[in-house]
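Naming follows writing order (A, B, C, D and E), and every chain is counted from residue 1.
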Amino acid sequence: MIEAPNLRLEALAPFAFVAIGSLVVLMGEVLLSRSESMRNAPSVDVRIGTILSFLSAGFLLLAVVVAAQAYMSNTAWSFNVDNPMMRLDRYANFAIGVIGTAAILVCALSADYLNGLRIHHGEYYALLLIAVAGMILMVSAVDMLLVFLGLEMMSIPIYVLAGFDRRKLRSNESALKYFIIGAFASGILLYGMALLYGATGATSFDGIRAGFDPDNALAIVGLGLLVVGFAFKIASVPFHQWTPDVYEGAPTSVTAFMAVTVKVAAFMALVRVLTGAFETTIEPLQDILWVMAAATMIVGNVMAVIQENVKRMLAYSSIAHAGYLLIGLVAGTGEAHAAVLFYLFVYVFMTLGAFAVIIVLAHRGKDAERFDDFAGLATQRPALAALMVLFMLSLAGIPGTGGFIGKWSLFGAAVKAGQVPLVIVAVLTSLVSVFYYLRLPVVMYMRDPSDEPRRMTTSSGEGFALLVCAAVVLILGFFPSEGPGVLLLDNLRVLHWARDSVAFLP
Amino acid sequence: MSAELSLFYFFAALAVGSALSMVLNLRNTVASAMSLVITMVSLAAVYVLMEAHLVAVLQIMVYGGAIVVLFVFVVMLLNLRQDDFPPGRQRGAKALGVVLVVFAVIKLLALLPAALPDTVAALPEGFGGYRDVGTALFTRFILPFEATSLLLLSALVGAVVLAKRRLD
Amino acid sequence: MSILDTHLLTLVTFLPLGAGLFLLALNAFVAVPSDLWRGVGIATTTLVFLLSVRLWVLFDPTATGYQFVEHMPWLPDWGVNYFMGIDGISLLLVMLTTFLMPIVLLAAWDDVKKSVPSFIFHNLFLQTGMIGAFLSLNLFQFYVFWEIMLIPMYFIIGVWGGPRRIYAAVKFFLFTMAGSLLMLVAALVLYYLHFDQTGALNLDLVRIPGVNDALPALLDTDVPLGGEAVWWKTQPWLFVAFALAFAIKVPMFPFHTWLPDAHVEAPTAGSVVLAGVLLKMGTYGFVRFAMPLFPVAALQFVPVIFTLALIGIVYGSLVAMVQSDVKKLIAYSSVAHLGFVLLGTFALNLEGLEGAVLQMVNHGLSTGALFLLVGMIYERRHTREIADFGGLTRVMPVFAVAFGVVTMSSIGLPMLNGFVGEFLILIGTFLADPVTGAVAASGVVLAAAYMLWMYRRIFFGPVTHEENERLVDLGLREKMIVVALIVPIVWIGVHPGTFLRRLDASVIELVRVMESRGADVASVNGGQTSASMAAEVAARLSPEQAQVALHREEGPR
Amino acid sequence: MAETIGKILFVLLVVMGAFLPMITWVERKQSAVMQDRIGANRANIAGITVLGVLHPLADVLKLFGKEDFVPAGANRVMHLLAPVIALVPAIITLAVVPFAGVYDFGGENPFSFVIADVDWGLLYVFAVGSIAAYGTIIAGWASNNNWALLGTVRASAQMISYEVTMGLSVVGVFMCFQTLSLQEMSLAQDSSFRLLGFLEHFGLFETLPGWLAWIQVPTWGIFLQPMGFVMFLTCIMAENKRPPFDLPEAESELIAGYHLEYSGMRWGLFYTAEFLEVPVIGCIVTALFLGGWSIPFLDTQTLIGGIGSFFGEGFATGVVLVLHVHAFLAKVVIMIWLQMLIRWSLPRFRYDQVMDLCWKIMLPLSLVNIFVTAVVLLWFQEVVG
Amino acid sequence: MEIPIELVVSLSAILFGIGVVGALVRRNIIVILMSIELMLNAVNLAFVAFARMHGTNDGHVFVLIVITVAAAEVAVGLGIVISLFRNRDTTNVDDVSLLKW
């Protein structure tokens, strides 16, 4: 008989909650539509959508709470003690917290938007939850196998989600492009893993680290392919071309989800892989990352300038932010990794906020995604316009917003590590970024509104998401580590969280 | 040359040849798919030579029996014609890419002999059999094994959502 | 002292923003009438001005170092503290700011009709940003205020400005941002340099006064001059990064191109604040940060800055001369005037520095007044072309007189403020470098030329345009504004001592700090050391004043 | 080597040479009997009809004589290749079927009556089965005919779908026998157990009273996994696409399905493959569920011991080998008969019914079966030890 | 050991290269997907070879997971293709900027 493995189920708790949530949501829709569809047919979809979004947000919240609890208790659990492929430590819990929170906000944003697009809810939320489950695996993995599996479990639902608005050709195309690039990237990633396995005889980070020999060509090639594979996922130059098309075509709520959570998961997994399985100071790795970071910042920011579509602009902006984040990897110190984590945290809320505004403005199944669609917003919906300005300023890194603190910590860590030329590239490109981030305020405040009807309502879910994003962006702008002791601000110590999390990297 | 080695050369040549014919066949998608099947089956043979019996069987079952059938199925269902795929742009970049890939592969091939050890580990009893691998799956790799179910569920739901004809 | 006095700086800084936010929140629930907004805005800024007067009264002019210090940890991870403090230099600039703001809001009473709440809010926000920047003694905090004030200014130009407002606003934002981002990098480098040397995570500019075991501050860092050091860790590079930020803001030639656009397109209130206060931010930055932090590099760059300042003076004047738009003319005159300020600053002697600071205030007053007056006439005629006017003296005598006084002040007529500042600067420059002084003096002549020519074309001669016949002279509100501005103009001109005495200690302290950090200031400023400056100041004091000062020196800190 | 060739020859002789022609005849005759008619009886050699036994021969002759037609616009190579691809899997499946047990003749290795006694025999069956789909796919696609294509699409969908359920339905069998080798499974089925033995563990009996203990059942798959048996048989018949699952070729709907454009012996090869599958199915089902070559209640040891005590060990082993082969073939014949019975009794399903049966009934049932089996096995492990 | 591992790895590298090239140059979505499958097969081959070399079955487990994932990917990918081509029939073909990036 097979010896039963020594398992610790609590290590799987966040994953399990999300996974169970996906099943519940999937079944829930069937049951709900059966029970209610007889009467009151026109509004039943709306009601089901709301219920499902609450349901999935609830399960995500459970996962986040469990992760927070685990974070506080400062443990590092492995599911399978004999072969620890994952470790639920502070680093993972931080990531789960961020991803889960972002996903909750996406759920809050989705219900009304999906009704507008007449998209079915059940599968949407189920896929969203599965993607989150994949991310959880990915960020807590300490074995290449699980990194890959998590990556795929994250990607496959998102391929589908990108094509969810399947009546629209653009959505189909978006899904197709994302899929082809994603599958291609995972092929490359896998080949890297295979070569590393060949060179070191292990798939676990510790094993690879132990067996890694920088003089072994196989290992170096494997590492290179691994980084390239990740570069696709984080949309780094030169593997970024898919991003704008995909972001533009996918339904906006999905784009928001993609832009935010995928980036967090991929980046945090990348940091974990690079620090866990390799010495971060390997010469060729540093050089590759340096070039990638610089090129990503330049291309992302410059291309964003010429976009006419806000979603495309945000896509290029996300590329640019990937470039900034890569600086942290180039610097490679613990402080830099903490800065990456903090930046990701801020990035989640500012980007999500920006997409939330687009979602709120979606009218009759049509997205407000061109710059012209925002003309004169300030006179019609002043609060919304003001929030958009806040998010844009934060993305641009203007002081008083979380984006500035993020850049400060990131650039600071890089300067400390001696990467000043890269930081200069970063600030110069972020100057370029100011140009396009300012375009939205310009059209919103300085142009007259067009005649097209505009949605004048905000659902409570959307309002909630917007407020959370704005509050986080603002609070982090002033109190990233220690609050002034009023309200709950004292508990939002993101900077410390990031630093404590990074302590769990080898 | 031993029997195993000559078998290997035979199947390797078959795999490469059919892979090439898959990529280079510009007229006929189904023929490409058939070439792919031949590659898969020859690879399965190579797996057997590498003592990976379970993998070999699953290779045929999943790749040959399911995946490629699915490809062919879709080709037939959509009745895709070649002119459905307009010629692309960026030909120069693509040519460059191809050259780079070819160069990289050659480079890798040149590096290989030095990078690999000459000796090969002794194989434990039952290596690569379904008991050995299955036991590993259910003990050391229980987490990925179980997690795969969720992945498959998502693929299932996704495929249904995307390909379902009626929208209700 | 009461709590109000100990936290006076915080109060002065954040009162406007607080009031603005309060009103904004209120506005969301009840519709507040526009006039109430305007009223509250003016009342708030007036209150802030009164508070700053209290600051002025309580300020001890003889003490070196910073007063009214408030120090609180903010982001302890990076040694970022909430560190407010005031010395003579910032006192004058804060006074200027608080003084101009109510006037600006009063002037905009009729001018701005579109989304008034927003306008008032942005102005109040802007005031907080400006005062905060003047009072910050922590580099990070300074940077935050420095950048934050771009936002309201950007909106003021972009929303309420002229036809090309969007272009101007974006250009303004980008130019300023360009400099400050490099400053950000330099600040980070400096920060880690400081950390490496002292082991202290601290971004405070100076140690906390009166605290014995205060952490070493940035001014305790020894920035390498070059040689072995990595290039980006050396004084020249860091100085250039800082100087670029400030030079763009000043604006120094050749970074000035944003200024005419911004000035011309901004609404009157925006132009006044921009010219009156925001441009001072650049020169203030030199005095407060760039020079004391990197004194040796600053001295090395004196010739460059002198040259650029001179070019600015001459070029600004010449370009101003050919302008047909009054606002543009004044804008270019600002370039020239701030060239003088830079000259005085980098002359680095008592006269030059004091003159420069005073000239900052002067320029704020007179140029601000000019913009206000132009705004008044623009409201009536909706044109700013010089050619559209002529012979206004007859139609609007009060306006003509007011304009005349302000023009004279701008030119530097004795008994008016401009004279004092320019005179001191020229003396300082002559002491430092006679040739520069001589060329700069020519700038004064040029200024007289274009200003007077402009004045003549607008006010003298026959009324050439039909519409001008029907112009109404200044109303009560406008008269109040004009009078309020002319009072300090004359005051400074007649009795500059009131203001200069408050600068003495701070200016000497600046030079002393630079000397203590290895700069041979005397080599460029005509031989004055901080000691000789102190002696010179002491000689000016009456014996009992000196006694008091001496006593204070000896007394417990 | 010689041994293997001998086995191959035997298998080919039995299955291809004996079963195949026999089945074509039985098919006609049995259907005739069931439908109360006479059936094939005309083919004769010099007037001797022998109940129509000569028909298969006549058919083959006729098919060889027909034109081998390739339609215009068809992919010629593929078109010609397809029947072969369809036939080969059916034949090579036989490689892992144990026709008899493992016998020790005192040689170096014990003699095992399987062509390839591999550890993963059942997986091999599935692997080969999955390749079988290509024959139909290529045939339908290469014919350049829409009817054929439709038939192919139906066929491949049906085959892929049922493959899933088929795999799941035998998981219970693996769990019972703990092996994937067909020979090992047959060996495991070569015994019997007391049907009511479990009662001892409920405390009803200390030990079963004699008369109850006599109620014994062979440890055959069909008794251990009755559900599995039914489902597996259904699935594998559906895989074979014979009625009532012959939707891909449903004459009334699709004219003839994927081999519409075939004629002559190539068409014959498709039919050969289909007919050949019938005994192959019989073999596999027998090996999995019907105890393979085992003789109920008489396990090999008993038999060899029994006979050996009279005639000596070596001879006894030989006799048992022969007995086992016959037992196996007998079971196969029963299975063939059962398939014929089903084929001629049940009407054809509708296509959606076929798919529903697979995905909505069989799949859940097979999962339930797995769970129940697992629970029972665990219980046995815990309680019985 | 009869077959040198480097030969097998070379075979895998060549197949991977062919797959990459196919995915790069072909326009036909289905063929691109098949090329990606070929890449995954090359990966599997490498894993199997290395597993043989190291004598650990981790590589085999990896291959099994890869095969599973590949199946899932193909299902979704073909679903996307189907939904795209369904739409294409009902909308303007000129709108399709399909794979022109």
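By definition in this document, contacts are C-beta pairs under 8 Å (C-beta built on N, C-alpha and C of every residue); 3 or more make two chains touch, one makes a residue touch a chain.
Predicted model only: the values in this text are computed from it and were never measured.
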{"item": "Smallest count of steps, each to a touching chain, taking chain D to chain E", "value": "2"}
{"item": "Count of contact steps on the shortest path from chain A to chain C", "value": "1"}
{"item": "Touching chain B and also chain D, the following chains", "value": "none"}
{"item": "Farthest-lying chain, centroid of Cα atoms versus that of chain B", "value": "C"}
{"item": "Of A-B and B-E, whichever chain pair has more C-beta contact pairs", "value": "B-E"}
{"item": "Centroid-based (C-alpha) most distant chain relative to chain E", "value": "C"}
{"item": "Identity of the most central chain, Cα criterion", "value": "A"}
{"item": "Geometric centre distance via CA averages, chain E-chain C, whole Å", "value": "65"}
{"item": "Rounded Å distance between chain B and chain C, as computed from the means of their C-alpha atoms", "value": "70"}
{"item": "Rounded Å distance between chain A and chain E, as computed from the means of their C-alpha atoms", "value": "26"}
{"item": "Whole-Å gap separating chain C and chain D, where each centre is the average of the chain's CA atoms", "value": "96"}
{"item": "Junction residues of chain A - those touching two or more other chains", "value": "145, 149, 152, 156, 159-160, 163, 166-167, 175, 198"}
{"item": "Residues of chain D touching at least two other chains", "value": "none"}
{"item": "Sites on chain B at which at least two other chains make contact", "value": "54, 58, 66, 70, 73, 77, 108, 112, 116, 140-141, 144, 148, 151, 154-155, 158-162"}
{"item": "Pairs of chains satisfying the touch condition", "value": "A-B, A-C, A-E, B-D, B-E"}
{"item": "Chain E residues within the chain B interface of the complex", "value": "1-3, 5-11, 13-22, 24-31, 33-35, 37-38, 41, 44-45, 48-49, 51-58, 60-61, 63-65, 67-76, 78-83, 85-86, 98-101"}
{"item": "Contact footprint of chain E on chain B as seen in their complex", "value": "2, 4-5, 8, 12, 15-16, 19-20, 22-23, 29, 32-33, 36, 39-40, 43, 46-47, 49-52, 54-55, 58-59, 62-63, 66-68, 70-71, 73-75, 77-78, 80, 82, 84-90, 94, 97-98, 101-102, 104-105, 108-109, 112-113, 116-117, 120-124, 127-128, 132-133, 136-137, 140-141, 144-145, 148, 151-152, 154-156, 158-163, 165"}
{"item": "Touching residues (chain side chain E, partner chain A) in the complex", "value": "9, 12, 16, 19-20, 23, 29, 32-33, 36, 39-40, 42-43, 46-47, 49-50, 53-54, 56, 58-59, 61-62, 65-66, 69, 72-73, 76-77, 79-81, 83-84, 87-88, 91, 95-99, 101"}
{"item": "Chain A residues within the chain B interface of the complex", "value": "2-5, 7, 12, 15, 19, 22-23, 26, 79-80, 82-83, 85-86, 120, 123, 126-127, 130-131, 133-134, 137, 145-146, 149-150, 152-153, 156-157, 159-160, 163-164, 166-167, 175, 198-199, 216-219, 221"}
{"item": "Parts of chain B lying in touch with chain A, wherever the complex brings them together", "value": "108, 111-112, 114-116, 135, 138-144, 147-148, 150-151, 153-155, 157-162, 167"}
